[in-house]
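Below: one structure in structure tokens.
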Amino acid sequence: MRPSGRANDEMRQVKFTRNYTMHAEGSVLVEFGNTKVLCTATIDERTPPWLRGKGQGWVTAEYGMLPRSTNSRMGREAARGKQGGRTMEIQRLIGRSLRAIVNLEALGERQIIVDCDVIQADGGTRTASISGAYVALCDAVQTLLDSKKIKRDPLMGQLASVSVGIYKGNPVLDLDYAEDSNAETDMNVVMNNAGHFIEVQGTAEGHAYSRDEMNAMLDLAEKGINEIIEIQDETLK
Amino acid sequence: MRPSGRANDEMRQVKFTRNYTMHAEGSVLVEFGNTKVLCTATIDERTPPWLRGKGQGWVTAEYGMLPRSTNSRMGREAARGKQGGRTMEIQRLIGRSLRAIVNLEALGERQIIVDCDVIQADGGTRTASISGAYVALCDAVQTLLDSKKIKRDPLMGQLASVSVGIYKGNPVLDLDYAEDSNAETDMNVVMNNAGHFIEVQGTAEGHAYSRDEMNAMLDLAEKGINEIIEIQDETLK
Amino acid sequence: MRPSGRANDEMRQVKFTRNYTMHAEGSVLVEFGNTKVLCTATIDERTPPWLRGKGQGWVTAEYGMLPRSTNSRMGREAARGKQGGRTMEIQRLIGRSLRAIVNLEALGERQIIVDCDVIQADGGTRTASISGAYVALCDAVQTLLDSKKIKRDPLMGQLASVSVGIYKGNPVLDLDYAEDSNAETDMNVVMNNAGHFIEVQGTAEGHAYSRDEMNAMLDLAEKGINEIIEIQDETLK
Amino acid sequence: MRPSGRANDEMRQVKFTRNYTMHAEGSVLVEFGNTKVLCTATIDERTPPWLRGKGQGWVTAEYGMLPRSTNSRMGREAARGKQGGRTMEIQRLIGRSLRAIVNLEALGERQIIVDCDVIQADGGTRTASISGAYVALCDAVQTLLDSKKIKRDPLMGQLASVSVGIYKGNPVLDLDYAEDSNAETDMNVVMNNAGHFIEVQGTAEGHAYSRDEMNAMLDLAEKGINEIIEIQDETLK
Amino acid sequence: MRPSGRANDEMRQVKFTRNYTMHAEGSVLVEFGNTKVLCTATIDERTPPWLRGKGQGWVTAEYGMLPRSTNSRMGREAARGKQGGRTMEIQRLIGRSLRAIVNLEALGERQIIVDCDVIQADGGTRTASISGAYVALCDAVQTLLDSKKIKRDPLMGQLASVSVGIYKGNPVLDLDYAEDSNAETDMNVVMNNAGHFIEVQGTAEGHAYSRDEMNAMLDLAEKGINEIIEIQDETLK
Amino acid sequence: MRPSGRANDEMRQVKFTRNYTMHAEGSVLVEFGNTKVLCTATIDERTPPWLRGKGQGWVTAEYGMLPRSTNSRMGREAARGKQGGRTMEIQRLIGRSLRAIVNLEALGERQIIVDCDVIQADGGTRTASISGAYVALCDAVQTLLDSKKIKRDPLMGQLASVSVGIYKGNPVLDLDYAEDSNAETDMNVVMNNAGHFIEVQGTAEGHAYSRDEMNAMLDLAEKGINEIIEIQDETLK
């Protein structure tokens, strides 16, 4: 039995609220149950220095948690003077995943920066971030298309992400914090709408997992991601 | 005529939403029109090192802006590796103001940290932060009283803050961004519910201001702060 | 009775020594009693990057304290690897105040950097810094005029600064350390020679102050600043 | 055809040289073809502060690349003043993997720090690091057993790691730099000697990968890891 | 002919002003011609953490230059966020030199920190700093003796320092900036009052120097240091 | 008697291994007994910003120690976020020494960066680094000559370095760690093949040294350096 009473293959309620704030070209509040992340996509007409004149654009991401998004307060990274390893790992993952579905030449010599800031955390902040970042990215890209700055849609696909794991011996979908902090294995999966993998990151926390367990987790992930993609579609309609 | 069409002595709509997030002992979304700041108050049972064993507590604040809370994206301070001068100035102001109404001995050897994170900025983020921080502080203090960790209420008063300025030659109340970025003079005022000053910070941006102008601005500030205090009272009832 | 025996409206001895060091375009040792600050003004023929090609110059300030300028040694900010919040706050105040009397277009595309380094501290280092910075700025500007690099005097006024406060219930002028560390209220005031305000920063340390107290403090500040301006005039003659 | 002429399921030559340097409790040079990493294991009799008094030990890792281990020189992280995101990601992966096979209670209240420093890079530095770190860890643990500081062997298993990927449409084992920089998909796999997964990190660089491709890669990884484990056994005999 | 018209073996005017500032236990302005350094010695009743409980004290030094002590303004190290290599090198040299004449056991478990801050630079700031630091150290030690905190004088000797070099082919004593920036060789020498060497740091800037040149420079250094020691004695009488 | 059993004027075995790693233009492992340093020389076709367009090149060095190159593990400087004073001092010494034998105009507008990374430390890492850096520099320069990027050999001489000291009252050559940590005096000497000094850095650790002791040490250094130069010649033949 899961702490939330959900079935093993049951997602939390997933919700995307577009235009959540007023300044960004894309601004989406994504909710996976109690996990709430604000994803804003900014169009920056300059590419990073190392890409200047290369005839292509860039998509990158930054991630942060508000100090009290978590149960006990985390020190503010700006005050500590550096981003921690976990933050770097997550924002690299988000950026890499998004780039996997963007035609950077079609984007032109500009950059889209997606900021994922966790307002409230209850497990799965990175998978919610990726899923919400996609929606914010769509809105920012639409801005470019509407303003005729680009002619071709640079998006080559759709993506979403979910976590799966082994909790008390059972494969479960979309872990919340109560499960995540006790899971034996935790796997974050990013897939596109063709059902292919963009990222798989599986970590044995307590015990190493077998190929069978891996397959069971990947099946759950596929189910969850399909559901998220449907909700994204609904949201973007 | 003000860009927003408001009268010179008219506040934007002020709103406090308590329990905005679920983890913090106090969690308040404060809105001054389009300016939205999330204020969370955390009870930390350890005082800062330099206060250990002194028989008193501490109240401090941290301030941050989400990168795309503003019209053009600001670099993330955590990524740049330090907090800027403006951030430091504001968080010092918030903390100092709050301490002015707290009996630190009555608080006991613990610390309350108030985080003010700007979700959306449209001028007046520091005054909204102070006004919201007060409400979050009240909720955190109530938690301490309810749990019997302290016996006496350490709050010695109530406070709120508003900005005033000279815009196109006229004293105006509660400047939004359109006014703030063009004001000749900008003054942030923090007052308590006895009508006394806790902080006054007035800056001539364009032209130095006379004693008469100062008095006119202080009159407006007093009016605005009284209105905010009423809304706080309503909220906390 | 004030610790120094001064009357409530009595300044400490104020003294400016020009050409205190030999390299800077303006170099002034300012003394407010035992508080001694070396203010040097440097002409830098490059503006900050964000002003390039805008047809105007810039004036900025940096502030520092020698580690043993104070009664107990303060850690060196260069060794700690960052400037503290108080330092940032003060140097922003000095720079902003100076810019209020400079016509940046008339200055041309160059920068004047004023460094205020506290040699010995006894309260009021920021107000002494501002008052001395003005004199150093005058000397640097004169260098530009003498060398025909600029034709018009970019200085649009004169300024000075003093602290006032409530000490043991009485409004007092120009607080020294003994008073400053025990004052109920502390206010730093910057005014120009037209008697108008450039900055007012008042902080309730112990008790909130009334409008009457504020007015009494502002009266004292005006008196003190007039006296400093006279001494500046004498010095610059 | 692979650039190196290897078969798709063929490892580079793997070699472990123990006691490579003289000071560390474990010191191993690991070579995967031209990739050479020095792994040293240090016994530190203090645990990290957050584990003090918890009755358990800790295993952690740090990773670095000599500036000219790569084809074009990389800036020295110590000179730049911080470790990059890739470094953090890798050292977190190494530490987490090692902890998956260590009984931290049996280790006692001490820490083993494994430093993996890349002397020469030709792809696969993180998987070589993990494989070599295991051998260095064994030597350090043996030191503790020999000196009777611990009684029970805290190692609960053996591990090794290898990269697999899709190169020119084919699944290949143990990518070198020529392949790695052109692979469509890159996956790092850590497994234990029971054939179970400790970490799987698969990234689509060019195109998303199907479940079939994933399975083919995992098969190759299993084959490679078994071979590395045999060589580790040989080395440690 | 030297730019200053001095004879090759002629020092600039050396002057020590004790009690230059009011807070430090030792406070000395040292002047070598136009080079002016403020040396303050602080008694800190805590030793550095790594010396706690070892039954001995410590002497250390920090060095800094005011931004406009030099002909063109140097960026403030506190603003840049770190001390440069030259600063570190010099402050390590000052501290090491002072420790060579201090009996650290006799000092007891406390620390003396000597801050050397360059007010005006004209070559030889490090040698002036060392020579002045000795005088400040004497005053701080006397404070300890007077207050009976220590019984034995921990000073085991006296030291001074001077620079020598090869300028236009000739060995010269006490280089000023005009010489220093054009010298072929520059050597900083620290000696004690027994005529023995504490530090010798000789650097070929333009051409490598012979043993004969080295001997000529050391002769000059010995002469200069003897003169400084006499002036120190005079000052301390 | 020296701990190693060597005669007072006897060097440890000195060995240079060229082409130690495969990427760098010069790559040399230098061994002074158990001290092993990897010196790589990188040709960078850009000069530092402050030299652009000046018609000359630059030679610089960076130094680092692997965390467990020493007997007890040293914290990684990249993790601590800055290079220590000793590191800065050493890398400045290496760079300065190398520049003393390079005609920077003949090098053209490019930079050679020599990285000296200590693999195993047993005293004398900086002198081994300098001696090895020279060999790596030769190889990098030869690359430039071979590729016709430069026409004239920019090397104006040869250099090597050794440490000397007073150990138990006797002048000794090439101190290992056992001696170095107990020496009364430690001197690092850099000389060219004409027998002239490029750097002399002598430090009294325990007792100040006389002119006679200095001369004895310099004699030893000259002998050692001549031997190293011969081995360099042998290596480079």
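Going by the order they are written in, the chains are A, B, C, D, E and F; count residues from 1 in each one.
Note that in this section contacts are C-beta pairs under 8 Å (C-beta built on N, C-alpha and C of every residue); 3 or more make two chains touch, one makes a residue touch a chain.
All of these numbers come straight from a predicted model, not from anything done at the bench.
S.K.: Going only through chains that touch each other, what is the minimum step count from chain A to chain C?
M.R.: 2
S.K.: What's the overlap between the neighbours of chain A and those of chain B?
M.R.: none
S.K.: Find the chain most remote from chain C, comparing centres computed as mean CA coordinates.
M.R.: Computed centres place D farthest from chain C.
S.K.: Degrees of rotation, nearest 5, to put the Cα trace of chain D on chain E?
M.R.: So the copies are related by a turn of 120 degrees.
S.K.: Using CA atom averages as chain centres, what separation in Å is found between chain B and chain D?
M.R.: The separation of the two C-alpha centroids amounts to 50 Å.
S.K.: At what distance in angstrom does the C-alpha mean of chain F lie from that of chain D?
M.R.: So the centroids are 33 Å from each other.
S.K.: Centroid of chain A to centroid of chain D, CA atoms only: how many Å?
M.R.: Between these chains, centre-to-centre, one finds 27 Å.
S.K.: Residues touching two or more other chains, restricted to chain C: which are they?
M.R.: Answer for chain C, listing residues that touch two or more other chains: 81-82.
S.K.: Think of each chain as a node with edges to the chains it touches; is that a line, ring, star, complete or other?
M.R.: ring
S.K.: From the touch relation defined up front, give the order of chains around the ring, starting at chain E and going on to chain F.
M.R.: Order of chains in the ring, chain E then chain F onward: E, F, D, A, B, C.
S.K.: If you look only at chain D, which of its residues touch chain F in the complex?
M.R.: Chain D reaches chain F through residues 21-24, 27, 34, 36, 38, 40, 42, 44, 62, 64, 66-71, 73, 76-79, 81-83, 87, 113, 115, 117, 119-121.
S.K.: Which stretch or stretches of chain B touch chain C in the complex?
M.R.: Residue positions touching the partner: 82, 84-86, 88-89, 91-92, 96, 100, 157, 187, 191-192, 194-204, 207-211, 214, 218.
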